[in-house]
Structure formats: C-alpha cells, structure tokens
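A, B, C and D are the chain letters, set down in written order, and residue numbers restart from 1 in every chain.
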Amino acid sequence: MDILLQLAVESLLLGTFYAFMSLGFSLTWGVLNIINLAYGSYIILGAYISYTLYTYAGIDPILSLPLSFLIGFFKGILVQRLLIDRVMTLEPFMVLILTFGLDIVIANALNLIFRADIRSIDVPYAERSFLLGPLIITEVKLLVFALSLVLTALVYILLQKTWTGRSIRAVALDREGARLVGIDPSRVFLITSGLGTGIALASGNLYGVLQGFTPFDGGMLTVKAFLVSIVGGLGRVESALAGGLFLGVLEVFTGFYLGEGWKFFASLIAMFLFLLLRPRGLMGGKYYGET
Amino acid sequence: MLLEVSDLNAGYGDVQVLKSVSVNVREGEVVAIFGSNGSGKSTFLKVLAGLLKPWGGTIRFRGRNVEDLPPEERVRMGMALAAEGRRLFLGMSVEENLMMGSWTDRGRVKENLERVYTYFPELYEKRKDLAGDLSGGQQQMLSIGRALMSNPVLLMIDELSLGLAPAVVSRLAEILLRIREEEGISMIVVEQEVSLALEISDRAYVFDLGEVVDEGRSEDLLRRDSIKKTYLSVL
Amino acid sequence: MGRPEIAVLTGIVLVGFLPPFVSDYVERVVALALMLTSLALAQNILLGYTGYPAFGCIAFFGVGGYTTAVLMKELNLQFPLALTVGTVSSGFLALLIAVPLMRLKSHYFAITTLALQLALGELVANLELTGGVQGINLPIYRGPGGYLIFFYMLWVVAIVSFLLNAYIERSTFGYALKAIREDETAAETLGVNTVLFKAISFTLMALITGCVGGIYAYWITYIDPTSMFDPLLSVKVFVALLIGGVGTVGGPVVGAFLLEVLSEVLWGQFPKVHGLILGLLIVLTVLIIPKGMWRRR
Amino acid sequence: MSLLVVEGVSKSFGGNRVLKEVSFSLKEGEILGIVGPNGSGKTTLLNILSGIVKQDKGSVIFMGKPVDRLRPYARARMGIGRTFQITRLFTNLSVLENVLIPLHYGGGDADPGRAEELLSMVGLLEMKDRKAGSLSLAQRKRLELARALSVNPRLLLLDEVFAGLNPVSIREILDLLKEIHSLTGVAMILVEHVLKALFQITRRVIVLSEGRIIYEGEPEGMARSEEVIKAYLGERYASGGK
C-alpha cells in the first residue's frame, strides 16, 4: 500500500513536469498544425545552457530559467521565419524531415561542444529528501513539480486572459475566422513558435536538475512530448496536464514493476496505439485547430 | 459613395465564379444580394473581405483602393464580415468570441460588448457558454455580434437565414433594422430568401451564374416577375 | 521503359562489374549505396506511387535483420532460409497492421510508423532473445566469394526493386496505386479496392526493406538496436527520394547514390563534424528541393 | 422492375440531421433530377448511393440487391458510376490513363480501343496524352463523365455537372448527356442547380429541403408547389410578399 502511494506521488510529481515540458510541442502542433521533431533537442539545449551557466558562473538553474526562455523565444521566432514558414504549406512530412534535420544539427553541435558524456547539474539540494508520513519526498522533485505547476498556470493565464493568448487560441480554432476579426495569422505563428520553443528551453533547465542528460536524448523527449500532447487532445493546457499525468503514471509504474528498460518502450507503444486507435485523444474532442 | 466595386472578376483555380461584377453601396444604405446557389454571392463577399484575391477589377472603400489589402487591414478600415459557415471560435466562450471581434478596437471592448448585448440579450445570457454549444440561431447572432464588435462602417452578412427557423429569421431581421436605425451603418446582406432580403434592404442586386442580372430598388424588384424566374427557372 | 530509366538500369547493372577494379573501401561504399537504393525504391512504391510517407520504414529493416540474425544464432538456420523467413516476417507484420494504419493520413501516418520503429527498437533492446542492448554477433561468412557475396546480393535486390518500380510505373497494378495517390475517394468510386491495394503497397515496401535488413545484418555480422532501428536511416531514405525525385523510377537510384557518396565523403573529410553537416544537408535539401519532388515524367 | 430503390434513408452528421427518411425509386434508363437549396442534403444522398458515406437508417437496393454493406468500389463494379461537384480527376495522370483505370478496375477490361472510343465520345480523343490537370473546366467535366462511363454503368450519378460552366458549355454537356442516354440507355440521377438545363433532360424531379423530400413530379408543378416556393423564396414570398 505504501509502495502504491509512493509511486502515485512520484507519478504526480513527474507527470506535472511532463505536462509543462510538453506545452510548447502541443501548442505549436495545435496552432500551426506542424509536428516539430526537434522539440526534444530544444529541451536538451536548455539543459546545456543552464548547465554551462551553473558550472562556469554559478547561476542556479532556477534563476537562469527566464534566460533560457528568452533565448528559446527568439530562437523559435528565427526558426519559424527562416525555415518552417517556407515548408509549412507543402506536404506535411516535409516539416518532419526538416525538423528531424534540425534535431541532428542541434544534437551534433552540442556533442561537439560538450562531448557525449552524461552531464548533470549538481545543485546543492540535489540529493536532499525528507519524510512525509510513509512517503519519501525528494526535494528536487518537489521543487520541479512546484515550478512546473506555477509555470503551467502562467501559460494558462497567458492563453486565457491576455489578448495575445486569445489570438493564439483564435488562430488555432479557426484561421479564417481569425483573419475575419483582423488577426494576422502569420504573426501569431511567430509568437506561438517563440512561446513553444521558449517553454522547451525553460523546461530544459528543470530537466537538467532532475536527471543527467547527453546531447542525444532529444529524440526520446520528443516522443514523450508527443505522447503527452496526443493523450488529452491538442493545445489545451488542461489536456497537457492529463497527458502529463498519464505519462508520469506509465513511466513510474512500468519502471517499478517491469524495470527501467521498459519505460521508453511503454511510452512508444502507448503512442503507437493512441495514434492507431484514438488519434484525436482520449476525450475525442477537437480543441485546437486540428484540421 | 461608401463602396464602389467595379468590373470584379474572381474564381477558384481556373474556375471563374464572378464575371465583371459591379456593385455600389452608399453611406447608410442596406443592399441585398440574392441569387440561387452557385451564383457567386458568397464568393463576392469573400473577395470584399479579402479572403480571396480577385483576378481583376477594383474595390474602392471610403475612397481608397483596398483590393490588395489583407483582411486585417480592411477590418481596421471598417469592413466586417459575418461569414458563410459563421467561422466562430467554437472552443471559446460566447463573450470571448465577441471580444475577439474587437481585436482591432481593443481599447473599447467594454463599450462594444455592452452595445452588442443590448441588441442580442440572449448572447448576454449565454456569455459563459461555449460558442459550439449554441443553437444555429444563436450562432448566427454571435457571428453578427462579433462583426459589430469592430465598430464597422460596412457590415457584410452572408446567408443570413441559412438553416434557421422562420421565427428566428424574423427576429434577426428586426434586430438588423434596429442596428441600422441606431447606428446608421451600411450593410450588404447576401440572402437566398428573396422576401426577407427585399424586406430589410433599400436596394438589391440579383446574381446569376456570377453576373449581375438585375438591380434596383427593393420595392420595385419585389413586384418584378424576373425574380421568380431566376429562382425556379420555369420557362 | 523510357530512355532515362534504361540509362539508370544500365548504370546499376554496370556497377556490378566494379568490384575487381576498385578498392575494398570503394566496394563497401557502393554496396551501401545499393542498399540505400533498394530502401529508397521500396519507399517509392509507397510514397511515390501510393502517396503514403512511411517515415519509420526502417522498422521493417530491423525486423528483417533481427529475425534473420536470431534464426541463425538460436536455431542455427542456414542464411538463405533465415533471410527468407526474415523477409516474410517483415511483410507479414506490415500486412497485419496495414489496414488500421493506412486509415491515417499524411503526418499522422508518418509519425505512427516512426513510433512503431522506435518501439520495436526498444523491444529488442529489452529482450534476452535478441541480445538486449548488447546486440547479436553473427557468424562470419566464410563461403565462396567472400564478402563480395553481400555486394552482389544487395546488387540483385536493387535491380529487382528497380524492375518492380518500372513495372508499377507502366502496369495496371500501378494504375491502382497511382489512383490512390491522386484521389482515394475517386479511386474507390471507379472500382479500385483501395484498402487492398494500400495494404499490398505497404507490404511490398516492407518485404524489400526487410530483405535488405536481413542481408545487412549478416554482412556487418554485428547488429544492435540502435543500428537496426536507426531513425537517421529512415530520414536518409526520404532525403534520397527528395534529391532524386519522388514518384519516378530512376530518381530514387540517383538520389541514393548521390546521398551515400556525399555522406561518405563528408565522413572521410570531416570525421568530427560529419553528423552536423549531414543534418545541415537534410535541412538544405528540404529548403531547396521542396517543389521539385513531385516531378514525374 | 426498379433499377434502384431507396428506402427510408436517414443520415446525421454530429447531431445535425442531413437526410430524413428519404425514399424514392428509379426504373431502368430513367432520368431523375434532384434539386433543392444549399444544405438540403443532395450531395449526401449521392454519397450514400455511391457508398462513400454510410446511412444511419434505411436501405439502398440496386438491381434487386441491397448494397448497403458494399464499399464504393464494389458498387462501381456493379454498375454505379458517378461524377463529383468539384471534379476529382487524377490530375497528374494522362487523360487516357484516367479512363483506363476505371476501365480495368471498374469495368473489367482496360482495352485501349474502348478507352479511345469513350474519349472520342466526349470529344477528348486529341487530348488523350495530356495531363488531366491541364484541362479546362469544361474538359475536366467531360473527362469525369467519360471516366464514370468506364465502369459500364447502369446508373450514373451526376453531381452538378453544369456548375461553373458558361451557357455554351452547358448546352454541349446537355447534348452529350442526351447522346449518352440514347446510346447506352443508362439511368441517371442529376443533382443540379442549373434548373433550366436540368428540365431539358428530365421530366421527373425530386425537391429536397432540409433533408426531406418536399416535392416529386414534373417541373411545372414545382413552381406551383407552396412547399417549394417556401423552401426557395421564403415564408413571406409564399404568402404573397409584403
């Protein structure tokens, strides 16, 4: 019983991080209708940025998170302008190939600079934990959970309560309708890409304190972001939370009962089955643009 | 003259839909456009709103040529379209849909909301509901309401009565007449239902196979037999 | 066959006479190019003629390779038999999932096949039978002809794949696939059993891909999950198709040879940054050739 | 005996009832016009007949056999040919190939002689090697017609063949349809907005409004039917205008 409770709590902590981590992927997919295979590499890029800042300048990854976001924001805008805009209207698999190429470029560039060894951000609070009744809570996990929750809430507020957020949702729901009220969709595409990439890099800071990473972990993270996005349905923050928790439970429980090695397999099979049987997500609804 | 459209040609791919169409709208005037299916009415509004690029011809709005401007620019200048298929944001609340209508007039969103709610009290009651959960009639009101939120000089409404019950249509017609009276804005109403179109308009154009085949004061047109012929093509 | 197609075919056939005159290194590069040629031609049946991008086509490469390897290692089967079973298994798996899978369109279809590829890779990495992440060591081939035998096997598969593409280009069978590519609904209403032909097309792709995987496994004698289910190889197939021209018979051959030689040169010249350059090459290909890709005939 | 019997066919899309209990039948060689305002369910009805869309209720019987469980390709092989409102040609293939495909898969024999015969019937023989995508609209409509005829149809479903054409082209297609009918005796269902043209080829019309059949009979009666006038012109017009 205690074990089950412990696993449930671990799932919740991890799942909330996954939800935040995947928000950018889910948003760009929902709004622009593109699948960004380089997304995982963006997260890893964030992890390396915070690693560098922490190792060489002593800046805590939590403090450098806004900086990662900003770098990501401008990078997202740049990539959208220079690359994605040019192929968005072509066959959808062209974007897949393009972003895959981008993934290779980022991973190999990181590999050149940092080599393939596993790196980790060893903040002083990395190993601390405390007891809560029968539960063992790792402080880092709790911290990442809390921050993920706050940041997810921020994204939610941005989408729900600001004009920028509303215009993003409007474009996602009906591009032509958005043009009718005077919104320029191509501007919204830029902002969404910036926001999405910013979230990816920022979540990289959290990922970096949570566990070790190498330049080539991006692919695996893209799959996770994909799974989180498809479980609940695209683009909505609530759905990402549901998807994140699903992935959290799936990983924690398969990891515990079948072994660490099966975790990624479980995510992939879940992704395969979802696509095959429920491509619109568990709730079956059509939330964002998805045409 | 508020709007001068002359010699407009447009279509999709290589299929020409509009053939040398010329239409004028004066300040404060309500103009109806009707014709059977496939006569090019909706395409005409699409071109006016900037959603479809014309092949040729000019559109002058408030003395300025707008045919090359993107839709956003035209909304800013005071053109608003309640489009075919309504194009609402079905996953957003009624109020949010209305607010989006004020995208180009964000500073006055509160006043605009109040104004639109006085015309459509049922939208106020449903303001928290998702647009997707509204009935057809309420969606049409929302569509018109959203267009009004940008404080347009020219309101364009496509297929006003399509799929709506007669009672709903009557109410919509009343509201439109009221809006016109209180705000003095000009309107172009595309409508299949002849009697309705003529009832709420000053002048009307009859479209057939992409061409303007008849035009005139609405009262006169109502008496002409040509309408029945265009519609039912009975020889 | 048209003139360019005959020229390309002659080219592939002539490549078969190269080995006595070139170094082992060049021979190996040409064999790899022949392998990519077959993979690209296999994908061309599906994407080029039927219009479905199987982004994770290398799933079947892995299935073919692993089945062949496991059968040889565990059951001591002879290579020809093991390869046959490996090839058929790939085809069978494809046939099994084709109907639900091919209800999905464009990037949903593409991504689902990629998920399958990665999932299978993880599966063999976790199973004892397949040697886990350590992979499998195969016996070294010591029969007649030495390693040249693999060159010629890949050569034959490339020629067969080419002829199959040429057949599809001209035959009534190819008409069914092209009709599906052009407009699936219209094809149905004109008498084409689209479900059946989509499944056939997918299975053909898997058969060739699986066969190549089996040959490759025995050739390099050591396989592991990363090398047999490598997403990069999937992408290389697509880039080869883009360079050469999707939906043409000769294009994929030209594209595969160009890409393989190019990446080999890069590997040699810039051993440290070749991955980076390959990535840039992919990005550039997509940016430069997007429109040229559908040039057929 | 009836060639086609449609019995109580209903269809909803996401709670929106598009067809409500539609029933009618068609004799061998008969021509039927289906008209109605936008959104009245005409195209959905054709889609159900050709098998692209499955009805929720009711049954379609073709040549004495229920075809409800047959997929479109099987119905095509039984002899149901169709065209589309917006032409759906195989645009990257040649004109000839566009006809050879249904000849082989729908009609049972890809005989180039027969293909050329069909193309010359619709006046496209000289263009047989051109890409279908390069044809003009009128030519595309002709090619679609030839393609639908390639399955050796007993029943031809034509979705707005006249739409978007100029009067000259309408005239030509009309003559072509008449010619096809007199040569092959194929039954036809035309969904149509260009009523003038429609009435020159058939005396039997069904009017659909909001998914229901509101009129069935001769064209003349149509203009007198209160229901029809209401559907087209509106409540007020029917009761005598303002």
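Definition applied: a residue touches a chain if its C-beta (ideal position, glycine included) is under 8 Å from a C-beta of that chain, and two chains touch if they have at least 3 such contacts.
All values reported here derive from a predicted model rather than from experimental measurement.
Asker: What is the shortest path, in steps, from chain A to chain D when you may only step between chains that touch?
Answerer: When the steps are counted carefully, the minimum from chain A to chain D is 2.
Asker: What's the farthest chain from chain C if centres are computed as the mean of the Cα atoms?
Answerer: For chain C, the chain whose C-alpha mean is farthest off is B.
Asker: Averaging over Cα atoms per chain, report the distance between chain B and chain D in Å.
Answerer: Chain B and chain D have C-alpha centres separated by 32 Å.
Asker: So what's the Cα centroid distance for chain C and chain D, whole Å?
Answerer: 43
Asker: Taking each chain's centre as the mean of its CA atoms, how far is chain B from chain C in angstrom?
Answerer: 55
Asker: Specify, in ascending order, the residues of chain C that touch 2 or more different other chains.
Answerer: none
Asker: Quick one: which residues in chain B touch 2 or more of the other chains?
Answerer: none
Asker: Determine which chains touch and list them pairwise.
Answerer: Chain-chain contacts present: A-B, A-C, B-D, C-D.
Asker: For the complex, give me every residue of chain D touching chain C.
Answerer: For chain D paired with chain C, touching residues are 50-52, 71-77, 81-82, 84, 88-93, 97, 100-102, 104-107, 110, 147-148, 150-151.
Asker: Give every residue of chain C touching chain D within the complex, in rising order.
Answerer: 172, 175-176, 178-179, 182-183, 185-195, 294, 296
Asker: So in the complex, the part of chain A that touches chain C is made up of which residues?
Answerer: On the chain A side, the touching residues are 35, 83, 86-87, 90-98, 100-109, 111-112, 219, 223, 226, 259, 261-262, 264-265, 268-269, 271-272, 275-277, 279.
Asker: In their shared complex, at which residues does chain B touch chain D?
Answerer: Checking each residue of chain B against chain D gives 14-17, 36-38, 159, 161-163, 166, 192-196, 198-199, 209, 222, 227-228, 231-235.
Asker: What does chain B use to touch chain A in their complex?
Answerer: Residues of chain B touching chain A: 49-51, 70-72, 75-76, 80-81, 83, 87-92, 96, 99-101, 103-104, 106, 146-147, 149-150.
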